[in-house]
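Got some structures for you, see below.
What follows is a pair of complexes built around subunit A, which joins subunit B in one and subunit C in the other.
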Partner chain A sequence: MSSQNSRSIKSLLLRHEVLLVLVLVLEIFYFLNNARNFGTPDNLSNIVRHSAEIGLLALAMMPVILTGGIDLSVGSLLGLCAVLFGVMTHDWHWATLPAAFVTILLGGLAGAFNATLITALRLPPLIVTLGTYSLFRGLAEAITQGTKTYRSFDPGFLGLGEFRFLGLPLQGWVLGFAALFFGILVHLTVFGRSFRAIGYSPEGTRYAGIPVLRRTAMPYILAGLTAAVAALLFTARLQQARADAGTGYELAAITAVVLGGTSIFGGSGTVYGTLTGIAAIAILSNGISRVPAVLKAGIGGELASLLTGALLLLALAAPALVRLLQSARKQPTT
Partner chain B sequence: MNPAPGTLPTPPVSPGGPPLFRLSQVTKSFGAVRALRNVSFELAPGEVHALLGENGAGKSTLIKVITGAHQPDGGLLEFEGREVSHLTPTRARQLGIACIYQQPALFPDLSVAENIGLRLEPPGSFSRVNWQQRHQQARELLTRIGAAIDPETEVRALSMPEQQLVEIACALGSGAKLVVMDEPTASLTRTEQELLFGVVRDLRASGVGVIYISHRLEEIFALADRVTVLRDGESVATRSVRDADGTSTLTEAELIRMMVGREVAAIYPPRTATFGQTVLGIDNLSCAAGGVREVSLEVRAGEVFGLAGLVGAGRTELARVLFGITPADSGTIRLNGHTIRVGNPQEAVEHGVAYVPEDRRRHGVILPLPIAHNMTMAIHRRFFPGTWLRFGREESLASEFIQKLGIKAYGPAAPGGSLSGGNQQKVSLARWLATEPRLLILDEPTQGVDVGAKSEIHKIIRDLAAEGLAVLMISSDLPEVLGMSDRIGIMQGGRLVHVLDGATATADAVMTAALAAA
Partner chain C sequence: MNRYFRELSVTGALVLLLAVLAIWAPHFYQPQPLLSRFTAQTPALILTIGMTLVMIVRQIDISVGAQFGVCAVVAGLISASGAPLIVALAAALAAGAIMGALNGVLIAWMGLPSIVVSLATMVTWAELLRLFQQGKFINLPANVQWFGLSQSAGQQGLIFGSVLLLAGVSWLLKNRSGGRHIYAVGSDAEAARLAGINPKLTTFTVFVIMGTLAGLAAVLNMVQSPQVDPKCGVALELRAIAAAVVGGVAVSGGRGRLWGSFAGLLLLATINPALTFLHVEAYWEKAIQGLVILLAVIADGLRSRRQTS
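Coming up: the complex of A and B.
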């Protein structure tokens, strides 16, 4: 009985999400003791504000990966949406609200473009979004001629970047709403159920009478919409819209999703895991830059990136390593 | 003492000399589950020894012990009279133990000769490939087993049985002394089976020991010298199939009794005589891409319409047209008198057409998902109004089917992959019964399913028909077609060439019609 218990505890520990929560707790404990001003309310809202855009992209990326797909275009789309928003508000003198609305709509359209290529033409998601990754960024650069930066937005809009409600910055609310939305979508609706089934076996799902192509399209469209929302947050926070906004964000988002335990092959994963992944990365990069020695050397960014990579590899390799050690102990090699 | 090769059919029942391979008191546990308990088993050179048992009886574990994939917890392994203390897959290969699995493990993009070469040529050398020699060797091996396969064809282009023949050629080429065959005929047609049987007999004649696993009892009678029955991880009995002068010493009923541990009274449930209105009517249905040509047939409520024919005769293809996977080019499909259009599986499901596919691991069940999720997959819209999942409702539906169909699983949350083949098939069936269909298409409903589960599935099919369902049953298992069908349609080359009355049809009549030149 006791061996059975210890076995189940061990398998629980090997569960990715549990491992990650442990890492998160360790991070927080370490930084509270070693990083300057880490635990202040100001810094906590700082972490939320800075992780919001990548966090949004990661949350939208999760269902895409759950279906066995990938969307490399979201970072570029963020840049394109930011520029489009700048064009509407500055060059066309639109009011903020309609411009924001149209930006989000265009983001959805861009996502639908990805989805159409992937489902109607049955092209591999990796190739399609690699194409639109260049296409969207190229468009943004063409519009701005690579140099133009839109500044001086409506003070009301820029205020959003600093806006708080009940002590939580606006970004926190948006991120929380997105987490709730994707959490419900993935875990409590037939759509999420279909994503998972498609991730495991698109053919098998088709044989169950589920409209596989329609269901596959949905996460890409949602990713487009979410990238546009992230573009607005980005513009409000940095008070400017540039063509290179969100460069490399798609990879950061994928890192958070995979770190959060979603299988890159599709099928398995949880939204709360993704949230934990986002938090682990955000806290790591914020905390490490506040450790006095790092601060002095001025290598916060480099170290954060290095540690994120190490964390990802370690988290992915840990269960495999434990299994390897166990089997090595059980069976002497011949 | 070994009989001279070629003096078949009198096989060596208990030959003198040391056995080729012996297992004594082998035990193997996985956690708390004891998969093998004191199993003893012996194989003589030049013997075909059948291994029989329901799914979950321990056959797979035993094979894995024999091929070195699993280490036994206790017991003794001997090969050619010498104890083998630590058998690994590599060691097993060196000793001359080969295994041919149900699903051939070949590289689809390489040619037959390349596949054979990869297995047989010494690894690790970077010297140039001698193509001529490679092709020569492949050709010789294939000729020896009577396979008409060009060594230069890509494996992708081969049928499943042809791939199995390539596997056998590899085993032969490696000079295997012991060949394990795990349900080699599961996907073969009659003629291909005969070819395979010939190969097995040749192997036996050349002194190779063959461990033969199959659910088809008639094969065991046709082929095996001895049979060992496993039940719940124990070896129940080892019996000779024939005595010295070739008379049978064993009956099917005895074997079934040993396997199941109980008497299986009637193998096929009795037919019901009353049919209702025509449920499915198809006229001149064709699909060029699917290879279905001008098929017309009718299935009435309460009727089991069996579809027989060789593999590739267009039976599965017809099912795929009716289910909308490859929609029809021309012809009409009527359901309850109304002409319907089936352009995709969703439309088929909406009209009340259910299809339990042949390949349950790829199409029937999504293995990593819980069985409860699998069972509600085809009724998402109806069962979860407003798209909200209702976990409690789903769980009770699953529990209901688990009980009703006698599915052996620890609960609705058990992943499909944790179940045995027969139970997976029942999950696949449950998914479609949950749709409350009008027409149920079953494609090889008992393929790779053990005897106990098989008769349970047969009873379920008959009960469903009695409730007024129209059943279209595709099967390559001739006794099953004869035992279950009210009418039997025989297909050939994409056409329905013959319809026989199920009660009076004979195996000969069905086979004759299936083989007759078009």
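Coming up: the complex of A and C.
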């Protein structure tokens, strides 16, 4: 890669993230003026509490996409883990702590299942995780017979959904810890930096002496573990576990990652970009449902998802459009 | 023999399942319920035709379920206003073609990955539909159902028509240059370009065809019931993709046959009634569907490994 090329990619990235922060600032400014009770401390912690699960999935999705893969199964796995946790605590009368531990372990196992199929058998991640997307959700439905809902968890566990430390909800701490973990992993460790190399050029990375298949497996396992943690947070927040928990979350997670500037082809992206993407989506969906006109029509959820979809399309098309313009002028527009 | 291995093994599995049903659950073969069950699959069959083309050209389209829903509501609203069915059909086809063209522009000409583009358009169309229709069913005039014919005549017409379409597209795919272009672009877009094919145009056209077929499928679905459910397209894309994958269409492009996808669809569609007839609970359908997809790709992976080593 020539240095000029890397500089132009860098400037593009920079522009993307600057653009995203600008969108974020505009969002906040608009909602502060137009949405009811948007800027109150109560609502701020509300935003953090409601964005934690999708945020966690997005943080875990980021290394997967960085290696050039994708994981469509995380939303279904969240549902399956929530149901398994319900089975352990209710049907088997386990204590909360071991049940939570085993749930996270099973999430990791499910991730390892994806990883095995993708790396050992060299199957395309898209179709493998599409299969497990159906499989995990199907298992959750089969276990609950499609209708059963697990309620009345241990009050100590449910208290976690409302727990605060130093004024920040528990979800905020978990999200912050996950962001720190993935940030250090992806940006500061040799192990994690190989994800980027693999996404940029798997063959070149192999020639550089990195065990590509073994390294590619790790993000999928981490995604499984994270989905299980997100399932516990989801259950604690909604005080129930159902087979349809987390439906569509994989889309929101991918949206946050792509919005945050990670290339969907792999090879470039940052964790703080993903965090900004998560914030943009979380604030949009919270703020839009507080705009009086939307509130009156009761269409907050639909409008937020619609705008998220449109944002994703824009975020996707923007670099391609810039590239088209640049190649048309035969010189970089800075 | 080896050339058709994947297609034949799926067909074999289907025959086996049908034989099991014939022995342990012969009432599966009562003519009227069987006819109804087959008819209910015709919209999915039409989508599977399109999805097979999309996958042969090495792309994927997960927005077809949402496209199907939008087309169904468009056709439903037009029919409900009293316009003749042909107008509703034309509108649904046009709506589908436009949505397919949007995917095609973003994927073929902007070079964006189809999985994310169709993910984004899926969310956009599904949520627009939800905003617009708010989940309300559309009641249709009486003459829409079964094209105003008797039920069995309508069912036979639907089955005959969609199988005829399958055969026709299959023939075009195998024997006309346009069909061969799809295989060529899916195997190696650069080589196809050097051979004088326009890969972007081919990819774009396939997505427009996919959208148009989604419109057709929506109308074929509409004539089967007195109402239009705006959620009728949910998860249909998975069914079409599953049918194609099980039927031997390679996700890596350039490989696959329509009759394989057809056998795949029938196999998947028979699993659910088979579960009921064999007294396995129906809640397992989705899990088994996922398992069948995984088994099919694992089989493909093992086979291609053995061939390369």
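The criterion applied here is as follows: the second predicted complex is superposed on the first by the 300 of 334 C-alpha atoms of A that agree within 3 Å, B and C clash if a C-alpha of one lies under 4 Å from a C-alpha of the other, contacts with A are read in each partner's own complex, and residues count from 1 in each chain.
Everything below uses one rule, namely that a residue touches a chain if its C-beta (ideal position, glycine included) is under 8 Å from a C-beta of that chain, and two chains touch if they have at least 3 such contacts.
The shown structure was predicted, so the numbers you read here are calculated from the model rather than taken from an experiment.
Participant: Of the two partner chains, subunit B (first) and subunit C (second), which one does A:E141 touch, if any: first, second, both, or neither?
Facilitator: Once the two structures are laid over each other on A, A:E141 reaches subunit C alone.
Participant: Of the two partners subunit B and subunit C, indicate the one touching more residues belonging to subunit A.
Facilitator: For subunit A, the partner with the higher number of touched residues is C.
Participant: Counting only touches as set out at the top, which of subunit B and subunit C does A:E203 meet: first, second, both, neither?
Facilitator: The first partner, subunit B, only.
Participant: Using the touch definition from the top, say if A:I264 reaches subunit B (first), subunit C (second), both or neither.
Facilitator: Touch status of A:I264: second partner only.
Participant: In the superposed arrangement, which partner chain does A:G131 touch: subunit B (first), subunit C (second), both, or neither?
Facilitator: The answer is second: A:G131 touches subunit C but not subunit B.
Participant: Considering only the touch criterion stated at the top, classify A:I299 as touching first (subunit B), second (subunit C), both, or neither.
Facilitator: The second partner, subunit C, only.
Participant: Which of the two partners, first being subunit B and second being subunit C, lies in contact with A:H50: first, second, both, or neither?
Facilitator: neither
Participant: For subunit A, which residues lie in the overlap of the subunit B contacts and the subunit C contacts?
Facilitator: Looking at subunit A, the two contact sets are disjoint.
Participant: Which of the residues in subunit A come into contact with subunit C in the complex?
Facilitator: 70, 117, 121-124, 126-128, 130-139, 141-142, 144-146, 251, 254-255, 258, 264-265, 299, 302-303, 305-306, 308-310, 312-313, 316-317, 320-321, 324
Participant: Give every residue of subunit A touching subunit B within the complex, in rising order.
Facilitator: The touching residues are 4, 7, 188-194, 196-197, 200-201, 203-211, 267-268, 331, 334.
Participant: Once bound in the complex, which stretches of subunit C touch subunit A?
Facilitator: 60, 106, 110-113, 115-117, 119-124, 126-128, 130-131, 238, 241-242, 245, 251-252, 281, 283-291, 293-294, 297-298, 300-302, 305
Participant: Once bound in the complex, which stretches of subunit B touch subunit A?
Facilitator: 31-32, 71, 86, 88, 91, 325, 344-346, 348-349, 355, 357, 362-369, 373, 377-378, 380-381, 384, 387-389, 431
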